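Chains: A, B and C, in written order; residue numbering restarts at 1 for each.
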Amino acid sequence: MDALEIINFYLVPGIVIGSIYALGAVGITLVFAILRYAHLAHGDLATLGAFLALGAVTLGGVSPYVALPVAMVLTAAAAVMIDKAFYAYLRERPKIVTVMASLGVALMVRAVVQVVWGVDSETYTRGIVRPDVWFGIRIRDRELITILAMIGLVLALHVFLQQSKWGKAMRAMSDNPDLALLSGVDNKKVVMLTWIIVGGLCAAAGVFLGLNYELKAMMGWTMLLPMFAAAILGGVGRVEGAVLGGLIVGIAEEMSTLFLPTEYKAATAFAILLLMLLVRPTGLLKGKVL
Amino acid sequence: MEWIGLANYAVFMAIFICIYALLSLGLNIQWGFTGLFNAGIAGFFAVGAYTSAILTSPAVEGRLGGFDLPVPVGWIGAMLAAALIAWPIGKICLRFRSDYLAIATIGVAEIIRLVIKSEDWLTNSARGITDIPRPFGDLPYVYSQLAYLAIVAGVLLVAYLMVERQIAAPWGRMMRAIRDNEDAARAMGKDVPFRRLEAFIFGSALMGLGGALFAHFNRTITPEAIDPMIATFLVWIMLILGGSGNNRGAILGVAVVWIIWSMSEIVTDQLPHEYAVKAKYMRVFLIGLMLQLVLRFRPEGLLPEPQGTREEVSEKSK
Amino acid sequence: MSDILVMRDLVGGYGDANVLQGVSMTAAKAEIVVIVGPNGAGKSTAMKAIFGLLKVRGGSITVDGTDITGWEPNRIVEAGVCYVPQVSNVFREMTVHENLEMGAFLRSGDLSAAYDRVYTLFPDLKERRKALAGNLSGGQRQMVAMGRALMLEPKLLLLDEPTAGLSPRYMEQIFQICRDVRDTGVTIVLVEQHAKQALAFADRGYVLASGANRHEGTGADLLADRDVADMFLGG
């Protein structure tokens, strides 16, 4: 097998799915670092985002790229409401109770998707898209847009966290929550802001997954493990680490099919997760360990 | 005729309640007494079910097993297999906060599901394993059901007494000390990760046993027999509603939730088909909502953990 | 009455136990007050009580005439009180400058005067303003911590063992900075382990034991007191 084939059949799909994981993993790492719990409803929030975009596509007749920002806003709103309704009052309790609540929320969100949109697979657009060929590398428009959108969203987030007052407050809360409170940072606002960002990123992950593959009720849940593996691989709390982790997990999954049956793609993420916890729990970029 | 049907249904329900009670007891050891978050209950359940099925079913061409061993051997094998899977996961994850265990157990349950679905030689894939012997399965239907109920109830009773004894023993006090104030327990020289590992393995073995009892009751096991997410979640809501940290609460919760769950199924099955499918998901939604309500309004559950064994809850983990 | 801080008969603690069994103290404007005492005397607890970080069951705390007993920490910050904890008192993964920025989180408008003031007090920090706080030495970290607190231009600055673990050179430097800060009109209350040195440099001191007042007076008086010397100063 020559290099071009490896690139076309393994590397490109790996980077595409890796970009999608990266979008989710960035959200997971933010929740992990700022709110300090593993958010198990993350995948299903992405499912919700994907189906909200489908709603915009079918009702509004717009392209999925126009539906994307709509879905991001709606999912951000849903995330804020979920936090207010189910997580906010658990703040004084041990964090693991919120992990449990998020497992319940995962089930509830999925049930809503199943009731509203049914359980059949859906797509945003019909028909087969032929890939363009650039110097022998075959890539579809939607794949290119997925990668570019991921880079754009993460860069925007990076600038926000580094430059803006509230972005710094989020970093401060992740770094040293007690001191952030002593400095007068309003925890409630940071929590809300975190959910707005995380909800938006979730929706983007879901929409791009639906765009490149298909939409089903379980799509987000099956993405949960690779997203967590990516966040832990990159180092919890490290946005750039989550991107790196997402890409590595995505590429590793695709490459694994060279020597493992395709069914066991998901096992790759699991193996990466356990390996990192075993040898370097702080991740590649020295993140937190809870 | 009607009441015979009803009685039969009651026996059927009671068997399921006993099986779920084993899962709930196993989770109580992990969560209630030790504070470990296992989100892969269905995985350990499935491992137990398949292990016992492979050990005790008659030989079949083309797949491993069919060893035709006695049923108790299958059950012990089920517990061992579940424990064996729990061991490395616990070994790796229990050094960290339980969030990591939650993720890893979701992963392990997913891998187990994949193996069961795709490994023909081991699990016969989608067709599953059939002809699993059922103790007293040759008796007429009613007697056979009653006999199996007696067996599962007996197994449950033994498990319950063993767990109760263990919890009242110094071991149980130590586990609660670790759960309520890990730093203090560490300072007293307790090997916290090792103790947690014990609890995780022991609890998982009980879940494996639950799986075995389920497989022998149904006489067959297929990948579709259990919805992993719903099964795991049902056990969680059972334990939390019943009262984590209290074994009687754990069993009471099973009865309450299973009766609600089954009754709601009977109601929704009356609906026309297109609504019935949606209604199934509405039930899932409501069971998720129920967890949130219990967590919010009665976090100690119906039968709270006896006073004096629980210290400041807020100190449990930081 | 120019007392910035007035604490009266404070009773409170963590959980159900009362660590403080009736502590009273005052601090005037532009005064350095040091709290000393043996381990477990409730020194740090008294300081945390001012900042609303523990359950207060009796007594009262007023700052500049306003009763702040039972307030949330962020409101106390707004009332002009800043607190520097003993440990984890910087944002390790943020730069020195960002740490100062977080200190001024509640302020708006032009902050250049505030930065100038802090960088004048801590010239070392100006050089290392782009460095991550976590990469600084212990003494420099303590300066970042104090600088962060001073960005808000507080009336009252609370320091919990600011010299713990520092070399004598840094200790002297921190004390000198405290004097400079006081001379700008800020009241400083600090808890100290190094009782002898602290009493020598402070304007007034309180000696606590078992969660209650034992002695009080000027630093020089306390140093001269036989009982104080025997109890805490090791002769």
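Please note the rule applied: contacts are C-beta pairs under 8 Å (C-beta built on N, C-alpha and C of every residue); 3 or more make two chains touch, one makes a residue touch a chain.
On a predicted model such as this, the values are computed, not experimentally measured, just so you know.
Chemist: I'd like the most central chain, judged by C-alpha centroids against the all-protein C-alpha centroid.
Modeler: Looking at where each chain's C-alpha mean falls, the closest to the middle is A.
Chemist: Please name the chain that ends up farthest from chain C once chain centres are defined by their CA atoms averaged.
Modeler: If we average the C-alpha coordinates per chain, B ends up farthest from chain C.
Chemist: Using Cα averages as centroids, what's the distance between chain A and chain B in whole Å?
Modeler: Distance between chain centres: 30 Å.
Chemist: Quick one: chain B and chain C, Cα centre-to-centre, how many Å?
Modeler: 54
Chemist: Hey, how far is the Cα centre of chain A from the one of chain C, in Å?
Modeler: Taking the mean C-alpha position of each chain, the two centres sit 43 Å apart.
Chemist: If you look only at chain C, which of its residues touch chain A in the complex?
Modeler: 51, 73-74, 77-78, 82-83, 85, 88-94, 98, 101-103, 105-106, 148, 152
Chemist: Spell out the part of chain A that touches chain B in their complex, as residue ranges.
Modeler: These residues of chain A touch chain B: 32, 37-38, 40, 85-86, 89-90, 92-97, 99-101, 103-105, 107-108, 110-112, 114-115, 118-119, 221-222, 224-225, 228, 232, 261, 263-264, 266-267, 269-270, 273-274, 277-278, 281, 289-290.
Chemist: Within their complex, state which residues of chain A touch chain C.
Modeler: Chain A residues touching chain C: 165, 168-169, 171-172, 174-176, 178-186.
Chemist: What does chain B use to touch chain A in their complex?
Modeler: Against chain A, the touching part of chain B is residues 35, 37, 39, 89, 92-93, 95-100, 102-104, 106-108, 110-111, 114, 117-118, 229-230, 233, 236-237, 240, 277-278, 281-282, 284-285, 287-289, 291-292, 295-296, 299, 313-314, 316-318.
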